[in-house]
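The next part holds the structures, each set out as structure tokens.
In what follows, subunit A forms one complex with subunit B and a second complex with subunit C.
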Partner chain A sequence: MSNSVLAVEATGIAKSYGTVQALKPTDLRIEPNEYYVLLGPSGGGKTTTLRLIAGLVRPTAGRISIYGQDVTELAPDKRSTSMVFQSYALFPHMTVEENVAYGLTLRRMPRDEIRAEVSRMLDLVGLNGYDNRRPHELSGGQQQRVQLARSLVLHSDILLLDEPLAALDAKLRKDMCLELKNIQKTVGVTFVHVTHNQEEAMTVADRIGLVAGGELVEQGSPEAIYNRPEKRFTADFIGENNIFDGTATGAGLDIGGRVLGLPTPAETGREISLSVRSEDMRLLDGEPKPEGWQALSGTLIDKVYLGLIGSSVVRLESGQDITVRQVGAMSSGEVGASVTVAWPTEAGRIHLS
Partner chain B sequence: MMREYGNPWAHRAKWLYLIFVVVALMSPVLHTVTISFNEHGFGAADYDFTLVYYFDLFRNEEILAALGWTFWLAFVVVVVTLPMGILSAKFYQTTRWKVPFLLLMLAPLFIPADIMAAALLVYFKTLSRFFSDTFGLEWFDLSMTTAVIGQVLWCLPYVFVVVLVTMARYHAEQTEAARICGATAWRAFWDVEFPQIKAGVFSATAFTVILSFNEYTRTNFLKGGFETFPTYIVSYMLNTGMTPETYAMSGLVSMTSIVIVGAVLLLALRKEQA
Partner chain C sequence: MSQPTTTGGRRQPASSPLSDLLTGERGLGRYAFYLPLAFLIAFFVVPMLLTLVWSVFERTNFWMEPGFTFGAYADFFGSARFENFLRAMKSSAISVLVAFVLGFPIAVFVRSSVPEKAQHKAILLFILPFMISEVIRIFALRPILGRHGVLNDALIGSGLIDDPISIFIYTPTGVVIGEVMSYLPFMVFCGFLAMESVPRYIFEVCDDLGSDTLTTLRRVIVPLAAPGILAATIFIFINGIGVFLIPDILGGPGAVNAGTLVLNAISALDFPLAMAIAAIMLVILMALLLIGHWLFDLTKLLDPAKR
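Up next, the complex of A and B:
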């Protein structure tokens, strides 16, 4: 894979609107047939990145190549990309069939070929028989499928999706996620999908790029991003992690009076962070701290039972709140009781930045 | 929706008001039209219906010529103003200087017709002298061209506003989507945006036709070598006073305007219900 040509290769692309830096100089490399997800908080620069790839905005710096061809100077209609917008992007004066056929009509493809191709695509997205409806006669989910069909029918090299599922309810979103993933496997096209929904990202992605503050903070497989985040920001954004900031003392982390054991030693005197997933933590019900564990005492301030898991919030003496999630069992302690939270030392993850 | 719990009298009052406005607006016009169909003319005790004055109109060469010029002028003004209006509305959406641009576009509405007309007249006289002295050209001599310029200045703000209002309802993502489907900027406008602002463009056209058709002051100052229907009526009235023919001419102008407005309203209503 490494020596094959990249589907998208952006070097140092940046976009500023006046004094607002929507995207700082960023490198992005997306492999052919990869399902790449841009995930991040609102205003982070995800849409900007996507629109730069599509050619809807011109970068203030940097170059973009698609399958080895430099497209930086090309208008969107000259690029081999297609896009699914968040909303309002279907042509309301055209039927579903005409919407999907639009790109092919522009290519002057023969009519019967267009019809065959369109109905094949509507089949693929599960909208057979909706050909003659107008967009306003469709539900939000159906409209997004029409957009998907309209994009897929072009057989572009890259399909860009900007929050395609944001308007859908949780159940429909989940179904559509799986469908998107399936379709991507079926058609074998590179997908770049923007979302701020973590679950959506984890469901569909081969690789996730975390974008925040106009920067590509970190990227990796969903599993790696979740279990082995490199940056403190990632640990904070993905999953439910408890983070301790402090100064390294070699084998430990000084968090202001208390020293916590680190999984691996860190350079003494350096400001670092230690994160522990809430599901790796436990409340000790009076039992002694196991060998090789770290423990901190505090007060139980909240207890929520969520079905599969129980979630407890403990306020430490330092004032920091710690979330502990345990499958099945709930702590027997009452709210207000003194408790001890503990975690295996090696469950901790060190973040140098 | 809320109507069901609303005060029924408030609703009826609205209708009464509407009817009052229409009556106040239309009765003088209807009065004139009624007179134009009376064989005995204005102030007569008897009323005998006749179309003879209308037939007279259509036998009068001068009037036919004036009508011809009026329609030709309206046509040219529409052809010039519409693209300008659409372009300015597009420009308005992208410019960062929205308020100054808007004021500039609407400025012709704030200048009284006779002042604008006189100013243009003086301006064109100067230009005309300059072009004939320097290049021996007859540019800006009073003519169709000067009348068109005067009327375009008058109609452009209306076209701009009407088109802008319909454009505001359009979602720009659709243009982007069309571009990504492979359409050039022009194709995207023509295939996707234009069909959706068509109603506005259509109303703007009707508006321009009526404005141009009924315009007197600017046209009278700036025309050269022809009369339009309104200028003809006024000069006729000044020369011969109100005759049955004048009533017929007024009737004709009013009915043309009413028919155009009625057609636009009907089309708009049909569109609303569809």
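Up next, the complex of A and C:
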């Protein structure tokens, strides 16, 4: 891995606007042909990171290389990157064909080559026969496909997508996600995709980088980030987790009066967090706590039936609310009843920070 | 029978003859929407028609009498007036061009580089000059543009020239300078208004696709802003031909435009000639508007839904 050339290698890149630090010094390494997603809450620095790679903003510190070439000082059009913008980024006065061809005409490519290339790209994004439509005659999803074609046609090494599906409705977004992933596999280009939508990120990504508070908090495959989050922030942001903060003791985690068992021992006296996925928790209906489980009692304050999943909210004696999600089943208890939530000790994950 | 009664519990809505007259079902209120139309007819259609009609009347010593003659038009086209008129059109066209070159980039800059919240405020600054009477604004150019004016003093003081330049004032150039100064804000307004329909992303898209500034302007920005540019062009062009103040104050003895011609005709009590010149300007204006509308649908400027 380390001796191969990286698609994107950013070392210590940072961006400040006056006194506001949009991105703290960050290292980012993206492999060739990888579908990398920058996921995080708005204002967290993910779009800044993307724009730094694109060259639309200049870093206040650090270097960026693309396939081994230092591009830190290069203008956007001198880098082998293309950008797909959020929406409304087509040229409204041009037809679909003219939009896609625009970048090629600037490169003075012969007319018939352009025509062939454009129609190949429109085929790829599934817009065969839309050549002469105008952007306002297309749906949001179709407009984004045209943008995709307009960027892909330039054959850049890296395609940057800035919240490309944000303006689409949920169903369409789902379809477009799968299609994006397929297109990426077909063209074999490195994709860097920014989104705040977790499901979108999980669907398309080979690897997710979680960006928040101007930092790259954690990165890994969707499966790793979901199942084995290292940071407390990740556990809080991805999926629906219940988090207990406390101090590690010899016996487990002291959360103020109660000591919870930990899956693995932690350094005594240290402030740590324990997260448990809501679907790993159960409500005990009067039955005794199974061996190797942890249990806490509280009051059932809410229950919602969502079809696939039944979701219950339990308020613990400490005042903390715990969400328990069970597939197919619904708690038999009434709202207001005393209940016990329990989980297997090994389902817990320890977060040192 | 002065006792208030209610019949069967039904209460009549409060009504008076006056409110019935204004807002009742058959009241005058339903005609409210026709007010703008009435205004347009009274202050635009009728005067314009009168202009046309009077332009073919017979001239008398102090007024005119009904008749049908193209004498006034023959007089106009057969004299130096026509040449003067053409010269005014040329100088006006130059003013439009200069205003475009100076003003449109300002509109583009405000749209692309000023924070969204501050854009309208920045554009509003261009209204400030209109708080001062046009006569004063144009007159104020005299001490600036004259042989011993501020501009020449500055140029000589900075060592760029040795002798004062006399072309700035009392010349056709002076007229162009005056027109550009007076009407530049319209190019900025209209340009900006049209640029509002251009998403700000577009600038980044162009950067990213490798489009240099001039290509972006030529192939993307100007086509998108064309309705606004055209609106400003017509406005400046017509005003340049018609407003006699500028040639009068800055143009020197020979400077004449359509406005001056009309004024002179009226001074000479040749009313049909004045009307004929006004009618010709009217035709030019209408023709330009028609062409503009035919090319770009100018209503887009005022209707965001059509963008």
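Everything below uses one rule, namely that the second predicted complex is superposed on the first by the 350 of 353 C-alpha atoms of A that agree within 3 Å, B and C clash if a C-alpha of one lies under 4 Å from a C-alpha of the other, contacts with A are read in each partner's own complex, and residues count from 1 in each chain.
Convention: a residue touches a chain if its C-beta (ideal position, glycine included) is under 8 Å from a C-beta of that chain, and two chains touch if they have at least 3 such contacts.
Given the structure is predicted, the values throughout are model-derived calculations rather than measurements.
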| item | value |
| --- | --- |
| Clash-or-fit label for the pair subunit B, subunit C on subunit A | clash |
| First, second, both or neither for A:Ala75, with subunit B first and subunit C second | both |
| Which superposed partner A:Phe91 touches (first subunit B, second subunit C, both, neither) | both |
| Which superposed partner A:Leu56 touches (first subunit B, second subunit C, both, neither) | both |
| Partner chain in contact with A:Met83 - subunit B first, subunit C second, else both or neither | both |
| Which of subunit B and subunit C A:Val5 touches, first, second, both or neither | neither |
| Shared subunit A contacts, counted only where both subunit B and subunit C touch the same residue | 54, 56, 75-77, 81-83, 85, 88-89, 91-93, 102-103, 106-107, 150, 154 |
| In the complex, subunit A residues that touch subunit C | 54, 56, 75-77, 81-83, 85-86, 88-89, 91-93, 102-103, 106-107, 150, 154 |
| Interface residues, subunit A side, partner subunit B - complex | 54, 56, 75-77, 81-83, 85, 87-93, 102-103, 106-107, 147, 150-151, 154 |
| Sites on subunit C touched by subunit A in the complex | 197, 199, 201-202, 204-205, 207-211, 215, 219-220, 223-224, 307 |
| Subunit B - residues contacting subunit A, complex | 171, 173-174, 176-185, 187, 191-192, 195-196 |
